[in-house]
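So, here come the structures, one by one.
Heads up, the next two complexes both have subunit A, just with different partners, subunit B and then subunit C.
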Partner chain A sequence: MGKSKGASPKLPEVGQWPDKIAPAVAIAGIVLTTLGFLMAFFYVPPVAGAAVDGVELIGGMMVANKLLISQKIFYFHMPVAMVSFVALAFSCYYGVRFLMTREWRYDTCSAIAIEIALVFVVATMATGEMWTRFEWGVWWTWEPRLTTYLVLMLIVIAYFVLRSAVDEPERRGVFCSVIAIIATIDVPICFAITRLIPSSIHPVVLREGGMSGEMGMCVALVAAGMFCIGFALYRARFGQVRLAQRVEAMKESLED
Partner chain B sequence: MNPILAEIYSTVIPSAPYVIAAYALIWIILLVYVVIIMRGNQKAQKQMMLLEEQLAELKAGK
Partner chain C sequence: MADRKKEKLQESGRSAICARPSTFAQYKTLLMKDLKQEFRTKDMIVSMGIYAVLVIVVFGVALSFAKPGSEFLEVSGGLLWSLVVFTSLLGLNRSFSHEMENGCMEGMLLAPLDRGAVFLAKMTSNVVFLLIVEVVAVPLYWLFFSSYATPADTAWMMIIPLLVGTVGIAGIGTLLSTITTRTRGKDVLLALLFVPVIFPLLYACVSATTAVLIGGDVVADTLMVSLVLAVGYDVIMILASWILYEFVVSA
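For the complex of A and B:
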């Protein structure tokens, strides 16, 4: 890791206010996601599937459709995808800051944000795959949303391949910042692709009548929890990486 | 069970393994990342302690 061009009070550092609130945010994240999980299974009614030949009274309601329990995956699938998008936006922001200032701290922040993005991209893919396998009967299909999201995941993986392949720090920082920006450009494409290509079979919440109040509340709760967890993970990783960087700097000064 | 109820609940049991797997995978992925951070932290702290000892020895030797 390259050396910083000098101390600046504005640079992200360990011990600043985000680290002070990080433990409380982590606990809030665990509590919110747990509440969201309980709400998804015990409060939000199951979504109706195909119609059946008759009607039955279940829990005080007339039910004439198959109950789609697989839809419960959505309550965590969408929030983790949202966190991956926001983490990529942060990575892009720090990448741009690095390109503007050549300050290594921003490169570090960008790398950690994209690492968090990768964690949540993998979680999104994993949950999506489970739903796809059950509902569509296949592990993978070249559907526009899946394809653009796979491209996004490959760009994020390419970021880390490039990071370990380029030795010269300045070039590595510049290349990685550019990759972070490219990955973030793919975010609105991923989001809008199901609207741009009407033949897309990926479910679109708004196109399919939006969410009920209970569904919206559950998604909002889990999303808030996942954002808290993402933030806490970012700060924990930042602290660890900064410690490792200080160790390297100390080693260099002892060698000198 | 009456046939209508059986049809209404027909997707519940077959989808259960996928729903459980989806939820389990999210937490496994997050936990793996937490473990990576914790191990990295422990390693860096050990190295820092060794370096501080080396530094103290160097200062004492001067």
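For the complex of A and C:
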């Protein structure tokens, strides 16, 4: 498999430029998400859309349209979901690269990208659960986008089960790359389903143009922070896995 | 089984001296091999058919205390599709098990065959077996549950989502079962991968089937959208499987 090395001289490796900026990016991510958190609670006013339906007695007052604090979940739910999609897309990209070049590094990258995707998918599910509980009053509803996100999580988990179920590394790389590509193809179809098959109750924020400037700013801030955190996590995990691989390779060469 | 295959491969090899057999000829040979093998042993079809009846029995038990009336129509499309999914899972698991016996797979890979033809042949044979089982199982399903509710006049249109769904299931299922037959814990892994990947198609097909069963205004509203979505899924996933199959089968 060494023949393709000349064709792709720049393989991802520990200590390249992304690793040099990774600590700074991690700090930037922490700062940005903290800022976004503060902004969501102290700067962005509550907006209509997350409200009580009908007349209810809240805090000694009869209100017909109370703005709920739980809408703040949205500022974290959406950015986290975006990062999980992007991580999945990267996994697909590295999967394609692996199938093209059969270079192990890309298989490692693909697996790590999908690990990061899993972290953010789980975070999305957790925030989404809180949202459904407080906005819609139930823990779970079989609403299409929720369901498809659950499905996405199941595919990502199945990916790891598959990874541990194949012994030969060559085969494992190919199978896992293929599943990463298939999972990424599934994502747009998930979106299409929520838009096209009727009876969906998920707020379609972007299409209705329902985000005010402040809301958009806050979401963008948190999204930028989450992307930074995702990137830093990816590099940290990549460094760990690569160094472990190099130690293994060194051990083997010493034994020979 | 392997000898017969070898003969066939030799045959095509002999004609290759003058001209390489066309991809269609390769496809036909592979498909006939699968069909002939199945119709001689009737291994897969019989077990799938019996399994389908057993799933209907389980549904019967599950519904026996509910005794639903006309609202059964709203559930029946979904139940029918869970029957199809479980039965096809069983079939897909077995569709590659006899390829692995006697080194059939190695023989097939050694021959200068187009890998796309291998995929299409396997997919077509899976479609054929699934359709045969559905032709038996779907009327049986309605026979057993006919006392609950009578479907609308448009119920015959159920054939369209069934066809579209079967093609999609066979397409992506062929790719996934090729992957999982060569892993530890084959059957479980196929279910783990197959059910989430098939989900969008299942959703669209259940929506289309329920629409034609209920009839009325719903048909026009939902049926077209669902069918277009299901066909789109089929096209995308079969194309992707076709392209990726080459890597999977030679790994």
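Criterion: the second predicted complex is superposed on the first by the 226 of 256 C-alpha atoms of A that agree within 3 Å, B and C clash if a C-alpha of one lies under 4 Å from a C-alpha of the other, contacts with A are read in each partner's own complex, and residues count from 1 in each chain.
Please note the rule applied: contacts are C-beta pairs under 8 Å (C-beta built on N, C-alpha and C of every residue); 3 or more make two chains touch, one makes a residue touch a chain.
Quantities reported herein were computed from a predicted structural model and do not represent experimental measurements.
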Touched partner set for A:Trp140, first subunit B, second subunit C, both or neither: neither
Winner by number of subunit A residues touched, once subunit B and subunit C are compared: B
Which of subunit B and subunit C A:Ile181 touches, first, second, both or neither: second
Touched partner set for A:Leu154, first subunit B, second subunit C, both or neither: second
Touched partner set for A:Ile197, first subunit B, second subunit C, both or neither: second
Residues on subunit C engaged by subunit A in the complex (per definition of touch): 172, 175, 179-180, 182-185, 189, 192-193, 195-197, 199-200, 203-204, 207, 221-222, 225-226, 229, 232-233, 236-237, 240, 244, 247-248, 251
In the complex with subunit A, residue positions of subunit B that touch it: 2-5, 7-12, 14-16, 18-19, 21-23, 25-26, 29-30, 33-34, 37, 40-41, 43-45, 47-48, 51, 54-55, 58
Sites on subunit A touched by subunit C in the complex: 99, 144, 147-148, 151-152, 154-155, 157-158, 161-162, 165-167, 170-171, 174-175, 177-179, 181-183, 185-186, 189-190, 192-193, 196-198
In the complex with subunit B, residue positions of subunit A that touch it: 37, 49, 52-56, 58, 63, 65-70, 72-73, 76-77, 80, 119, 122-123, 126-127, 130-131, 133-134, 229, 233, 236-237, 239-241, 243-244, 246-247, 250-251, 254
